[in-house]
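Got some structures for you, see below.
Note that chain A is present in both complexes that follow, paired respectively with chain B and with chain C.
And now, the complex of A and B:
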């Protein structure tokens, strides 16, 4: 009856720990399925309920597979694989009868642990996986040593894992790095949020409510001042009266525009399920695997579903080259009939102005002085959204200002377009890099000047200059901020939370730079350093194989020698019994060489009855280990522990 | 402590006053399927001991008084022609028993001695081409008189080796002797004594003894002892492998008597003087080594930790 407590429950624990990180990822019915199956088993042991026989197990398997087919018939991705593992792992414990079944189930738990890599490769997941592997290994030891103590199982598991570290490092350094994702599968669940290819009133506002990290930037030198931190991502060219669209016909372009004040930096972009790459305005280089477009944006070939790192240089001052008439014509195109009042207004306030500069200045002045306010909670707008905004609500976020500004410029014949991206970012005080969050999302306007080409003009800067200098957190009132910013107003605690957040982010970033940043090219560089210059993947595989063979030979030789001469094995029983005898001999009770343990014990007890309990216990354990063949770890560790704490005091003199 | 053993020992000690250690050794020897050699003066109680052991264990008992004119047939039995049936009929000798007291074994001729010793080793008797198995269990308790050198044929070393143990009874102490003189422990007590165990139980005990385990460390110690006798300058010859097995078997029996199913070095130390005493001689004079001296010598062999 003790059987399940010794093996089945630890196995269940390993499975539950392994599957835990996937709870959010599995459909509800599979979670319920697991809970029911894994819950029924312990209860069936407790209340002596019947356990399902082979027929019922087959039926359950069939039901599970049908359920999986229904759930995953549309997409056979890693989630389907995970679902299959979970459904089967839920049934497997019912089947455990032999040692072999137990072993298989434990290895199933290892498989499930590996699938955690589908989720992410963050430090937290990695640490959890380590914990999970530790528990699973302890369970593996447990089922092979059911009599031992849990503590010893875990100790041995930790030892085994520690011994595996050199191999782990070797595999990490030499196993061929795959460019792309693990198993060639995509991480579908990670493309969370970001810009889409249309911009409507409210779309940036929605984005700002999200506190997720968009990307992190590590600058080679100092971080440029906040007003220069415009992270260019998307250009919205076409306006349909309400929404702005990306121009699908934008062509690839061979080279970025020229400029001055180069800044070098590396961006670690979180997956956002689109192709945009963000870069400081204005990109001067094109990262590998990116395409440069005529509207000065960068895109990848496929949508970004994994963390991506790229290094670039940007020029904070730039001189775009000439633009063709076709693009310029597109940049003043407006749909007929929409926002008539705004058109009239634009014409009126720029009436006397002659240069483009002057006209732009007049419109910006209008925004500055027209009683407009900057808010995250703008009222809803009607069909003529720009009219409604300018003449009625006068409240808006960056997309309202950018949209109205661009519309007004186009209506008076100045080519203008909207650029989407991020503005600003938080500096992590622990690691001196910039964290750009979705809440830093921003849109601004680019205007075509006949002499200097496309130039950035940000109407938000006119309405709320502190948005640019201090970032969103310094701009909006607490009431106006979305919930997550409320943390800042928790009083003294908020400071601590903020520090922890930054610290954790710094650690995670360092982690990802260290481990995910170890790319194929870095591996090649390393291999070249140690003398393997050509061949790439095949050679690194060969090197790995060779090293594994060498390690295997060393371990094998060691094992052979160790087995051949058992005396070489450090004999802990001997060591600690000798220690025990030494402690007693210091107390004046030396053991004679020919004295057996029981004789010695009797001799000691005759002289020192006060030591009876300890000496009897230790001797009994020693005899068990030495002569009774009870060499289990628990007895040994018990023995060692008792000898360690044994402290015979010198006998008090009788006078 | 093995309760079964203790009760047997208590009962025997009530007859054999003051001889508890010797009773323990004798039982250890018998349960280890070994034969016992008692070496002592006449009148010390050798015969009483053999009788008590036999009776207590519920076994058949026979006694042979060895003399110099004894022939093997006197021990093994003879075939006599039956005139009525016109066939030879085998009359089994006193050896067809379970406990055989071979009194003053060294007074018989070597030919007669060897007839007995062969039976001891083989547990069977062969006469006139016919082999007859002896009853089981079969123990021989032989006695010999150390002082009576005239007209004796001392057992050669090779035959002494057949005995698992050799013990000495020694004089009783004063208190014990007083009880003997008063009349306790006399024949009457022996007659009144019932059996302590059925002879099936003897098989059980023997089976259990053979299951007593010998750990690596124990065997290490045993080997150290054997090796010591072979390399030490003190001994004429070292212990034979058979002596090693005898030591182990006696230790097993002793361990079981202590209520353990594994052996510890102390078991070996307890039985060793009695197992090796008749197997070892000094190098220089070829004399036997007194038991106290043996214990002193073997205390040079450390117990491996």
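And now, the complex of A and C:
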């Protein structure tokens, strides 16, 4: 085998495998750069093309760095770091003449593999990373043993990894974790889809077209019925005539309102690049790392850029305490002059109603009977969007109804606001948890009743009650539904795909609960279980000590087995042959010092022909084991067994 | 020419008797510079994982850390239990490289990529198959003539990951002869003991009678290989000549016209070789030692060895 096949191609393979999962985060020119460099190298060997010398390599490095500066000068983040690694990894294989260069190139591959900590921590990525480490390790073995076979390199890499995994698990569990971040750096992630802090006609409709998971919910007990599954996230307080805005001045609040019928659950929230947390209406506890606001919403301190898990209790029935006048005045404020027809309509239909309840009922009745329809494809609306909606199009999605409803209420002096979040969710049949997707996005209205405080009223339920009871999938026609191609065109097969999706989602969720959920607090709980309890730094120190002791023991045990066993195996053959000789010598046929096993056998056979079968067999096995290198387990055990049962009679009768 | 190094001969450190097996007390292990670099990378990535509180990062850092720890055992084990059966070295001329042949064996398990070396150099890496006697060679440059004890031989390995280097040092109880460096010149002896002056060995024409072929043995002069029989595919044979003219020369130390002792010895070495190649019968006269005329490989070695140790304290 010549040089490129021995080391260069394996190293190229390791680099390609390492960089593959990052392709999505690299700019196109870097991907092309890698493809060109890594493509040129094998071709240059095949067609004897010139390979770049030191000067050209320096020039290429300079070009690469200039390219990186252009690409990342605006934002220096983990993608810039990844880009740098990729540009270097593309050039490095051109200079791997020495052992040192080869080692450093393989380290570069490891470096890229570990960079996957910037990727999502899904099960698939984790498994891929293990595979990638295995391949890179095999290549590292390869360059330290260029004469070996690939198969042996891979076998040894697998063995080493198998031996390393118990240690890895121990380190993972016991290595002291800290709360929060070390340097205050955090990842910059281009957030996925989700609510923004304004609500305009069409903003929820856009979300609904997206089938991405917003969050998953695991309930401690049974899943509450669909009409109660209102996932509260944002409160839109201010209306500017077209858009609803979050009230920037909402203050922090010390405690959630009181209520009944508590439900416990854990939410795994996908990153959405905003600060709000979603909770079942109405949150009764405040998770760690969250802040509770006066409008009964929860937010984190920083925007959510990584998957986040939090456990909560919510009350499905609640009675909020009193509200201050300032907030209530804000909740009836409307801009002058917009939607005059709607104002007049609201005044007209609630003219004779006396209580708030009655007025609300009249307006809902109007929506129910006024010929409105529920659709994902509403026509465009003009400047007076509510007027246009109510008197012309009469077609809309939840944000149209909520917006019109809240507008009408405010115009007749009833404090109202819009709440954004999600409604419903899909139950995963394999693991009994709820998957809430962007397509479950929903907005509804909260009305202030003088006696009972803020209460949820959903105008969509009046127009399209099946939206609440059956969820989005039961409401819209298949043509309107978001999601994959299969739902529409694959018919029966789509059911199978759906099942596979649920199964995979269930496995991933279980993984994420076990793996991603492991944190400072879980570690504390684990340490408490094994009896390390005293608080603060001492726990970390004790855990570290325990870790060192256990790892020392494991490595010691490995070493003991690994370093002892080679001396033991051959001894067994020797030992049992010695026992065989001893048995014969007791029968009066001692082996002389210089006598080889065959000579000895002949000597025995001459004197004791009656022992012929056994002695020949044992000697033959011994010779096979000792001199012909047949060390298989079956031969060895056969030999041992035969020696054990061998019982030469003391003397022959005629002797 | 550098003076012979007596101190090297006198120096007798702890020497190991062969055969010997590498055991745990003799095998040392330390991380290589790559191992330290790897550790540094892992530490940086650990800080990253702690900062981002990223479990996948933790997992990978701990996996790689565990792998390097496990590789330490594999590296150590790769060297342990190797048996050195014997060490031998053919005599060489000063300035040439002496080649130590080590017969090694591993009773259990294949051993991969093991280097044997004497000086700081990059030896070829050897693989030792299980239960097979393997021969590995170690080079060592020579400078001056004499009999030397083999120096310390280092056996080392970085297999499998190159992050650790295990090594052991053996000083086998083996000595080797370094002949003086031959210096070409006329076969002149100046004034012979008899007082006659002659140049070169008197070679009688026709006296070299071809007497037959014998199986080639390493060390036979190349000029005598029977190329004819080789080209016919009969094997390698050496032509034998009877008598070599029946002449017998005495190579006399005092007869060499040269002031420098080392130079004289070098000239004599050259003459011994020439006489041997001509298949002549020759003897050697050194102050204090005379070797009767003779011929053959053994005789040549006796003469050359006498030249190698002449004037040195033989221990």
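What to note about this one:
Assume the second predicted complex is superposed on the first by the 514 of 655 C-alpha atoms of A that agree within 3 Å, B and C clash if a C-alpha of one lies under 4 Å from a C-alpha of the other, contacts with A are read in each partner's own complex, and residues count from 1 in each chain.
The working rule: a residue touches a chain if its C-beta (ideal position, glycine included) is under 8 Å from a C-beta of that chain, and two chains touch if they have at least 3 such contacts.
This is a predicted model, so every value here is computed, not measured.
With both structures placed on the common chain, the touch criterion links A:577 to chain B but leaves chain C unconnected. Contact with chain B, but none with chain C, is seen for A:596 once the two complexes are overlaid on the shared chain. By the touch criterion stated above, A:76 is placed in contact with neither chain B nor chain C.
Judged by the touch definition given at the top, the superposed model places A:54 against neither chain B nor chain C. Legend: residue contacts after superposition of the two complexes on their common chain; A:164 is shown touching chain C, with no touch to chain B.
In the superposed model, more residues of chain A are touched by C than by the other of chain B and chain C. In the superposed model, A:649 lies in contact with neither chain B nor chain C.
Once chain A of one complex is fitted onto chain A of the other, the partner contacts of A:623 are limited to chain B, with no touch recorded for chain C.
The interface of chain A with chain B overlaps its interface with chain C at residues 629.
If you check the complex, the residues on chain C that touch chain A are 24, 34, 37-38, 41, 45, 47-67, 69-71, 73-74, 76-77, 80-81, 107-109, 112-113, 125, 127, 130-131, 158-162.
On the side of chain B, the complex with chain A involves touching residues 213, 215, 217-218, 262-266, 269, 298-303, 305.
Only residues 99-100, 103-104, 107, 110-111, 113-114, 116-119, 121, 125-126, 129-130, 133, 137, 140-141, 143-148, 156, 160-161, 163-165, 167-168, 171-172, 175, 177-178, 180-183, 185-187, 306, 515-516, 518-519, 551, 555, 558-559, 562-563, 565-567, 569-570, 629 of chain A touch chain C when the two sit together in their complex.
Partner chain B is touched in their complex by these residues of chain A: 573-574, 577-578, 581, 592-599, 623, 626-629.
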